[in-house]
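Two complexes are shown next, each including subunit A; its partner changes from subunit B in the first to subunit C in the second.
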Partner chain A sequence: MTKKYEITIGIECHVQLSTKTKLFSEVDNDARGKEPNSCVSPVDYALPGMLPRLNGEAVKFAIRAGAAMNAKINARSRFDRKHYFYPDSPKGYQITQFYSPIIGAGFIELPSGKKIRIEHAHLEGDAGKLTHYDTYSLVDLNRVDTPLIEIVSMPDISSAEEARDYCKELWRTMVYAGVTNGDLYNGNMRFDVNISLKLPEAKELGTRAEIKNLNSFRSVERAVEYEYSRQSKLLDQGEKIVQETRGWSDATGKTTPQRSKEAAQDYRYMPEPDLPPLNLSSEFIAAEVARLPLLPHDYRAKFRGTVPDDLIEILLDYPSLSARLAEVEDSADKKIVKRLANLFSSVLLAEENASLLNDKLPEAPQLIELCTMLEQNELSSTAGKEVFIKLFEPKHAAKSPRDLAKELNLLQENDSAALEALVASVLEDPATRQAQADYKAGQAKVLGFLVGQVMKASHGKANPAAVSEILKKQLA
Partner chain B sequence: MEITDETMNHLAELSNFSLDSSEKQALKQDLASILRYISKLDELDTTKVEPTYQVFEMENVWRADDIFPQDADREALLALAPESLEHQIKVPKVL
Partner chain C sequence: MKIADKSTSAVSLVKAALDKAEKYQKTHHIFNWLNQDALRQAEEIDRKIKNGEPVGRLAGVPYAIKDNYLSRQGETTASAKILTGLSAPLDATCVEKLEAEGAILIGRTNLDAFAHGSSTENSFFGPTKNAKDLSRVAGGSSGGSAVAVALDIVQFATGSDTGGSIRQPASFNGVFGIKPTYGAISRYGVVAMASSTDVLGFFAQSAADLDLLMSITAGQDAKDQTSLPDFYGTKDEKLEKQKLGYVKEFMESPALDPEIKAALEGKLTLARSKGFETVELSLPTLEYALAVYYIIQPAEVASNLSRYDGIRYAFRSQKGKDIASVFSQTRSEGFMRENKRRIMIGNFVLSSGFYDAYFLKAAKARTLIIDEFAKAFSKVDAILTPVSPNPAFKLGEKVDDPVSMYLEDVMSVPVNLAGIPAVAFPAGETKSGLPLGLQLLGPRRSDKNLLGLVEDLC
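Presenting the complex of A and B:
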């Protein structure tokens, strides 16, 4: 559909880093499933005299996150205070990097090949969590000063779909880089989306609205679609767009104006006097960059041409599957890799087997052996799936697929003498006489029924292609 | 720089202070005289002077990522808040 207005989108994304402790205190950073205010230190509480102590691991995570976004890592960076009064922040300010962030300009390449530029990204502490009731609000400080990196994109995104793709690719990049748990449901990554419209011939960007705190790719896409229709209606009527912060509701599918935290956006930034600046050596930075594992674009490059593109994209949603497939790719040929990709998608991505994804995957040598057996018709595809699923059971997990297939009596019968005997026994069965006559009379599709009878007689172990050939010969 | 009533109201709001009009008047004069005193610095040319962000010449000070048990437990910390409920700090409704 051609749209009347051009849409310009920039996205800010907060990524919670999965360090063991918080950014400035030595308490547990993983509050999942824990009681409110059980992961809080006097530093998080901002008691008088408490001083922040920087978590060195968070600095290393930020370097890896930056490198994963093809960004320049700034050797020199420092922290600043951003002041505001709100119950989610006992200090009365957030410690962030306003003037000198650790991560400089970079880019994220979408699966389509389009590059979205990153303006910069910085380290900062998260705020606490508020829950609102009728007459009061409750404050849980478990999340205070969880390390975040805030990633600020350039306004390079030009559709709702592209906004979703960018968020998804950023999520994948951060998860593969190993810097976040990436649990969107629990707010590990949150997106603020800036949207403005303009006529194609207009030189200047329109006034933007910022949609805060989106936590799914779908809501990013829907919020952009909604904003396009809201803003375009206003513009059509000759009205002005108000620059404001808006909230999104998944339930109503609408954005609504939010009262701003600070009546005037006046954060009175000042250098944080309690944290000495960072001045990282190039060796220190290089050592962290070298620790980066394979990223989504590396996997695409590895699998492209062997596995269909759409299947690659699906598998990329499952880091453990991509990693194991890549391991297999290192030592097996393309046919095996393709078979394994299909096995992953037909078995593990089927609804009824979804729980297997939480279990330990079979090892690469086991998977190579299994796929080789399938490739050489030693196992039927049904039997192959059965062996694969059994390999997830602890009692079978250490076995070789060949031993397991033998044990389960699933090895396919390829021996032609044995198959011929089986076929002969089925043809002698009076129950197949009518079918044989029909086939000879020219009803070719009856062959399927006869193959089925032989398969049944073999308890599923006969190689159906071989059986079919023998039947054709004997009935000719 | 002159401190207007508007500036006073803005500063009070940013600082989360409720000030009555006599307090505002007094603070207005204090602030104006503080700014006059500090403005002495404007007489110097500081264009080539690096701002002082830190008074100690330290860099790269950080700790290991290890969890340490805290001396102050949850209930002790919650007891410092004016009100608490269900192990959380209770505050007037905000939204």
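Presenting the complex of A and C:
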């Protein structure tokens, strides 16, 4: 359905960096499962006289994140203070990069091939967390000054689906770049979506609303859809859109106003006098860029033509699988890569094996050997899956798939004399007499039943194709 | 510096200091807190001396800290109600270094709350009186420290100088004071006033003592990323045949007290007799320094004071009913009038729409001041100027006239904006017996050379 109005969307995304320590102190940056206010230093809770100390690892992560977005890394950047009073902000200001960000213009290429331009991205500290109760509120400062990069896109996004695809691709890019844990449920990445509508012939963009703090791809998509219907209804009725900040509720599926532009705060930005400007040498930047691992588009380029496109996209959701597959791709031929992709998808992405994804994957040489055995009919596909699953068990993890298959007595029977004997014994079984008669009477379908009986007798080890040929010969 | 040794015990030094402190506290109101543990610490030093253990370059030396230095000893109040009740869990880097050398803390000295002021009258605990005249101000903001050294209670005291807060009280009370190069001493653990001009420094009774204190406390600190790589005393900086400049605009200023002018001319004559070449300099940009300073400094002050909201430590008003009123009530009751004035000015110059016209323009003018000093120091090795245009004024004289109080800083703030070092030193007295002080300015990192020159001129 073509829509009456064109949507223009720009997205700001906050990415929590998974550095060891905080952006401005030596305190543990990983507060998962820890007591409130236990990962807080005097610098973080803003004791007087405390000074921020820029974490070099966060700078390195920012360089990597920037390079992953095809962005220019600015050799010189600076920090600024953004002032506001709230108990989640112990200093009374956030240290950010308002005037001179570390990451310049870049782009994210969507799987569709469309490029969404990045305006800039900057380093800043996160705020603490408040929990409100009836008559009081509790403050947890564990998250204070967790390093963030805020990535600001250009208004290049033009549909709800594209907004979702952009967020997902950005998430993948950051996770593959190794700069964030990417745990959306715990707010590792949060999206602010700016949406405006206009008639196709209109030259100027419409007034925008900003939907704050979305933390899933689905809610980004739904919020944009909701905003389209809300704003288009208003426009249809000749009403004006108010420039404002809105919140999204997953439960109601609606956005509601939070703050209008008139009530917008004046942040009184000021250069941060406690931190000298950040000057990065081109060697330092180059060394960090060189550390960038393979990114989603690199994997697509590697697998395209070998693995079906939709399976590539599924595997990209699992960085460890894509990485192992790429490793295999480096030293094995396409058939093996394709087999392994299918094995990953049929075993690991099946509900009942989901827990295996948390375990250590078998090594590339093991996987190559396993897929080669499958390719050469040394293992049936059922036996192959079994060997694959067993390789996750610590006691089997170091074994070669061939040894393991032998040990489990799963090697496929290809010896034709042995197979002929096996077939003959099945045909002598009175239980197969009726089927033999039906086959001879022209019911070709029953051959499958007979093959199954032979396979059963072989405990799954017989090569079904060979069995089928022998059966046909013996029944002819 | 008189340090404890086999002939003089630390206990006797500390006991004398404590006795004097208590005596003068009644008349001059110098300390916000006195260290009841000092004698025990002195005994510890004496025990080490007796056992032949190492005791450090300041063994048993009684000293005082300005009450904006964090230390595990006593509460750090910055003479502000809003910080009352704050027991710091750590020591400022500077305090740590002094105590590692065996210095013994006698007390915390009074200041204008958050160092906002030039008289120590803006203290929540009341004013400190001038060492020589109880009807006059101690100067400020490090008034308590200056008086503690002038009255020989302690051998040295720490201060902080954002726009003259060490040099002006030093000159009002007749002691030596150093405002080092910006970044020479780590600011870690000292309550911030205006971060881009704040420096820590000392009061002492001689330039040689200041030299010792600098060699102990200067140096890079990972906890302060604006601290400079070690430079103090890394080379012999005393130059032969130095050129001394003086500033035409200051000498011709109608505000300059004739007795101070005469003292300065006397020092120039002395310098020439000792073989110095003296050069008249014109530094016309300095006229704008005070205006620039009263934009940048309040902006940084407003920002640095944002953290005091009553939520996490120290004073909280009981009148707050929700988050917004806890903030506003705590800040309304906790800050002094002068603190609030600077918060208002600072937030005004930073507000959207005014930033370019005020803060940014001031930042650009600051660069011109830096350049003008750089040019001057291509011609001379040091510049001799008054510290303030007048000797110590009467208590209450300027309290209700903030602009006249700000003018106290007119000759001291250019130094802070440029980040250069300056040493204030006594230069005689007025006919009525008030101390007169002058200061010697040098290029960045010339701190040690300045102290040597001051010795030559005294």
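The definition used in the following text is that the second predicted complex is superposed on the first by the 470 of 476 C-alpha atoms of A that agree within 3 Å, B and C clash if a C-alpha of one lies under 4 Å from a C-alpha of the other, contacts with A are read in each partner's own complex, and residues count from 1 in each chain.
In this section, contacts are C-beta pairs under 8 Å (C-beta built on N, C-alpha and C of every residue); 3 or more make two chains touch, one makes a residue touch a chain.
Being a predicted model, the structure only gives us computed values, none of them experimental.
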item: Contacts of A:45 with subunit B and subunit C, given as first, second, both or neither; value: both
item: Touching partner for A:285 - first (subunit B), second (subunit C), both, neither; value: neither
item: Subunit B versus subunit C as contact partner of A:55, first or second or both or neither; value: first
item: Comparing the two partners subunit B and subunit C, which touches a greater set of residues in subunit A; value: B
item: Which superposed partner A:83 touches (first subunit B, second subunit C, both, neither); value: both
item: Contacts of A:276 with subunit B and subunit C, given as first, second, both or neither; value: both
item: Partner chain(s) touched by A:368 [first = subunit B, second = subunit C, both, neither]; value: neither
item: Which superposed partner A:91 touches (first subunit B, second subunit C, both, neither); value: second
item: Partner chain(s) touched by A:36 [first = subunit B, second = subunit C, both, neither]; value: first
item: Partner chain in contact with A:137 - subunit B first, subunit C second, else both or neither; value: both
item: Residues on subunit A lying within both footprints (that of subunit B and that of subunit C); value: 42, 45, 47, 53-54, 83, 85-87, 92, 137, 139, 266, 268, 271, 273, 275-276
item: Of all residues in subunit C, those that touch subunit A in their complex; value: 68-70, 76, 78, 83, 86, 88-90, 92, 187-192, 194-196, 222-226, 299-300, 302-303, 305-309, 311-313, 323, 327, 347, 350-352, 355, 359, 363
item: Residue ranges of subunit A in contact with subunit B within the complex; value: 19-21, 26-28, 35-38, 40-42, 45, 47, 53-59, 78, 83, 85-87, 92, 130-141, 259, 262-264, 266, 268, 271, 273, 275-280
item: Residue ranges of subunit A in contact with subunit C within the complex; value: 42, 45-54, 81, 83, 85-87, 90-93, 137, 139, 266-271, 273-276
item: Subunit A partner contacts - residues on subunit B that touch it in the complex; value: 10, 13-16, 51, 53-56, 58-68, 70-72, 74, 77-78, 80, 85-95
